[in-house]
Amino acid sequence: MNLPLSRFPVPESIDHLPDDLRERILTVQEKAGFVPNVFLMLAHRPLEARAFFDYHDALMERESDTLTPSEKEMIVVATSARNQCLYCVVAHGAILRIYSKKPTVADQIAINHKTAAISERERVMLDFAMYISQDVGELNEHWEQKLQAVGFSQDDIWDIGAITAFFGLSNRLVSLTNTPPNDEFYLMGRVPKDKS
Amino acid sequence: MNLPLSRFPVPESIDHLPDDLRERILTVQEKAGFVPNVFLMLAHRPLEARAFFDYHDALMERESDTLTPSEKEMIVVATSARNQCLYCVVAHGAILRIYSKKPTVADQIAINHKTAAISERERVMLDFAMYISQDVGELNEHWEQKLQAVGFSQDDIWDIGAITAFFGLSNRLVSLTNTPPNDEFYLMGRVPKDKS
Amino acid sequence: MNLPLSRFPVPESIDHLPDDLRERILTVQEKAGFVPNVFLMLAHRPLEARAFFDYHDALMERESDTLTPSEKEMIVVATSARNQCLYCVVAHGAILRIYSKKPTVADQIAINHKTAAISERERVMLDFAMYISQDVGELNEHWEQKLQAVGFSQDDIWDIGAITAFFGLSNRLVSLTNTPPNDEFYLMGRVPKDKS
Amino acid sequence: MNLPLSRFPVPESIDHLPDDLRERILTVQEKAGFVPNVFLMLAHRPLEARAFFDYHDALMERESDTLTPSEKEMIVVATSARNQCLYCVVAHGAILRIYSKKPTVADQIAINHKTAAISERERVMLDFAMYISQDVGELNEHWEQKLQAVGFSQDDIWDIGAITAFFGLSNRLVSLTNTPPNDEFYLMGRVPKDKS
Amino acid sequence: MNLPLSRFPVPESIDHLPDDLRERILTVQEKAGFVPNVFLMLAHRPLEARAFFDYHDALMERESDTLTPSEKEMIVVATSARNQCLYCVVAHGAILRIYSKKPTVADQIAINHKTAAISERERVMLDFAMYISQDVGELNEHWEQKLQAVGFSQDDIWDIGAITAFFGLSNRLVSLTNTPPNDEFYLMGRVPKDKS
Amino acid sequence: MNLPLSRFPVPESIDHLPDDLRERILTVQEKAGFVPNVFLMLAHRPLEARAFFDYHDALMERESDTLTPSEKEMIVVATSARNQCLYCVVAHGAILRIYSKKPTVADQIAINHKTAAISERERVMLDFAMYISQDVGELNEHWEQKLQAVGFSQDDIWDIGAITAFFGLSNRLVSLTNTPPNDEFYLMGRVPKDKS
């Protein structure tokens, strides 16, 4: 069963997209070897796509105080799994496996972050991400103390909160468009390089 | 009791902000007569702020097929109320009152959109916004038919879904920063102009 | 869109109501300048209406140990908002604004009592009201200690619990009859007297 | 383990209670052979107690259009079970057994009204009571049609809604006071008269 | 209204059942004076029935470290009530009354174990059973400490968890088959022997 | 981070286990190339382990009317994912990939069966499994008709219901013991045989 890329129109070719979006797509294609479906889904609305990618990069490519790229991807996977977003779990699960060099951690976090083989710092981080994402709970002294106790700075806390909030938006765009993950993502980072 | 603008640093003055953000803030200040707190809260992170405003404008200032500016604000108020975001309910409730020229509709929608004095089209629109926002439900034929039956185009459906998703992000940034609404918003659009 | 007063019959005129109910209605009309819709809705059942008002007055006009009239209205607004009862939020929000002389506190509590600009005492009071109202939780030592620590007596605790329970009944009568608030309530207490 | 009658003071003797309350208690004692605990719990607040009993009688002793006394008790048992109120389930379960002459129906409804051996009319009635009680849902055409289809009049609908709302109040008073049912209630109506 | 034993076929007679199942049924019939409906419901699938009974006996007839037969039945009643399984609440409520010699404890636990007249040890035990049963929560140090503090051994903890898990299976088989309890169960253990 | 096999004791060697359990373990080891952790976890209680495996085999190795082995594994994966049981999702996800020869279907069902690339028959089957598993809902005519419409027999319905019920038990045993999946499961069935 082959699912369509989106319930909404997607560009027939990327040739007619605005230059910056086409450039962005070509860059990711070169790096990944394929065009992630979400790029084509978002291209239906170039203005929104541009803001989406700018926001994404501002958060995910930011040099955080202590929050690592791998931890950021953990937040994405945990948030997306609770929001039942297949695309984001599979695509960012792949990135998490690559960044962390741990082939099983993405599945562990997607199914149940409380039983995953992660550190106490990572568990508190994901508990807080769930509190913001699922309860839309307010940051307060109780949470600040818990997060600081495992080494997060105030700006790290912003990052954790903003990343889970941003991917909550992303998850809902995918549920709106029914965009499936590319098949390539499922296997990325699962097989050690020297064995494949 | 005066609440601080944010749990995170805010710029002491807007003079040192990047030109485009300062410009944006001066424009809204001129129009509204004050600087909405959320602009200063977001200015802590200029890159994210810029993407946030770009995304906001791409959705809210877009000429939609049939979705009106007033309907868009209804979506924002209903979403934000369910996410218990005071800032967004109060600020966008004000805008909704002004756009719709109905001084009571924002409170009605914030408390219970099912009993609000709105049209069937508006009620279906808000039911769908809640489905995307609260259930992270997937768009399907059932919903497309219900939405088309009250006059929405496929692109309107994208707008409804994307607006509720975007303000879900906005609601969570506010819960992260504890940013309160400016006092001015509470009364806007409640008193007929000629009486005040 | 003008909503009817009730899905059930309402008296065509108050002239034929039992004397005590007519008296009660005339008294509130004189004080408020209009007849609150809920009086006419309840008049469909005079026996129940009389018991309802007696119960209401026994709780709300009682000289409590330390619980103030303004705090009682906070309980009503918070309870009614969680039960999505527009009538009660709007009517008692008006009374709360008048009693507290704070034009924004009712909206703050209606949307999210956890982020409202209220005291610790008030927050614990509303947490307990939500526990009784939403969880139907049992009073226990843990709650008694929390409530006593912010100055409530045992009889105050009864008052808080009974008020939230009584307005849970009130909220459900309104959802049964679809009774909307009078337009007058929306603006009451929002504009300082000397300015209007 | 003997539980106290209430977390709040109860009258040492009924001799000093207002005449009408003492009269009411003596009447029920004569009829039942004992004083139901809830009478003594409520007597801590005579004004509220009087309104409570007046409201109770207005609803429960009312000659309804088609709603029977047995059906009214079903509503009380189902509501109270969902609110986890032991006193009300046990006391009104006893009354339901006596009215219906069915020794097992109260337990069936308390545990799961969907699988109880009741009629379609009774099931729709309890579904509606749960909708008002648990969802605080608004009466609408959909529900009116379902209820009318099984023979309920508009005034019956008020009765069903008001009874479930009133006992929601009652359930919360019991959770506030921790009042346990009298032991006598547990067995009433279970054993056929001629066998005991 | 007489409900059928099961939505699925039941053996017309137990004569053609495999020897061990027939033997088991005859044994329970001799002891109880009737064949509990669940035995006939399960007999539709002899292989599954045999495994079910083996599992049941391994848990319920096991000599536990400190967990008593009466406590085991408390777990069954509390679990089954939360899963709204009439059969299991009524049948095991009867056994609990007999084992504990307390004619009211089963109803108390079925409606609300938090307000039941039970010991602190029993309350912690039931809190943990609800955590495993309803939240599918993971055993952790926090829970181990709470359970050990009221005297449970590590193997008792397994028993509590496994019993609540097993009866969750049982509850779902009953909801699948709609099997009602035998009338005999309702009254068992309610009337003191010397009075009946 | 290496997680222990169980919070409870596991046999140091399988040599001292009862013959039938040791035999069973050796058989699965020969077939899979390793001993699945759940076998050693369960071996702490031989009587329960035996009943568990007998029940498992009675359901999973049964020749059903139309329900296929691949469909049975879909039920296990969907149930276990909703119960957040990592062991069962990973181990049975592997089996599902092997049976169905579809390397991505297990992840799709684990994250969101509503958006998975499965047939209408499979979707109705999983909707029903969730209804039994999560709502402990009763089988009724409405569900029988929906299930028959996509080709399931009455005995298939039993199988679907019983499998989801049995794995609900299994999920809770794993949450009780914290048993992690063997690393080998994560990759099984993901890479086409001729490529590995």
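Chains: A, B, C, D, E and F, in written order; residue numbering restarts at 1 for each.
Here, contacts are C-beta pairs under 8 Å (C-beta built on N, C-alpha and C of every residue); 3 or more make two chains touch, one makes a residue touch a chain.
Everything numeric here is computed off the predicted structure, so don't read it as measured data.
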item	value
Same vs different contact residues, subunit D with subunit E, by half of numbers used	same
Equivalent of B-C within the choices E-F, C-D or A-F, defined by over half of its residue contact pairs recurring	A-F
Distance from the mean Cα position of subunit C to that of subunit A, given in whole angstrom	45
Whole-Å gap separating subunit A and subunit B, where each centre is the average of the chain's CA atoms	25
Interface hub residues of subunit E, defined as touching at least two other chains	84-85, 112, 114-115, 138, 175, 178
Residue numbers on subunit B that touch subunit C, as the complex places them	1-3, 81, 84-86, 89-90, 103-104, 107-108, 110-112, 114-119, 175, 178, 180, 183, 186-187, 190-191
Footprint of subunit B on subunit A - complex, ascending	7-8, 44-45, 47-48, 50-52, 54-55, 58-59, 62, 83-85, 132-133, 136-139, 154-155, 157-158, 161-162, 164-166, 168-169, 171-173, 175-178
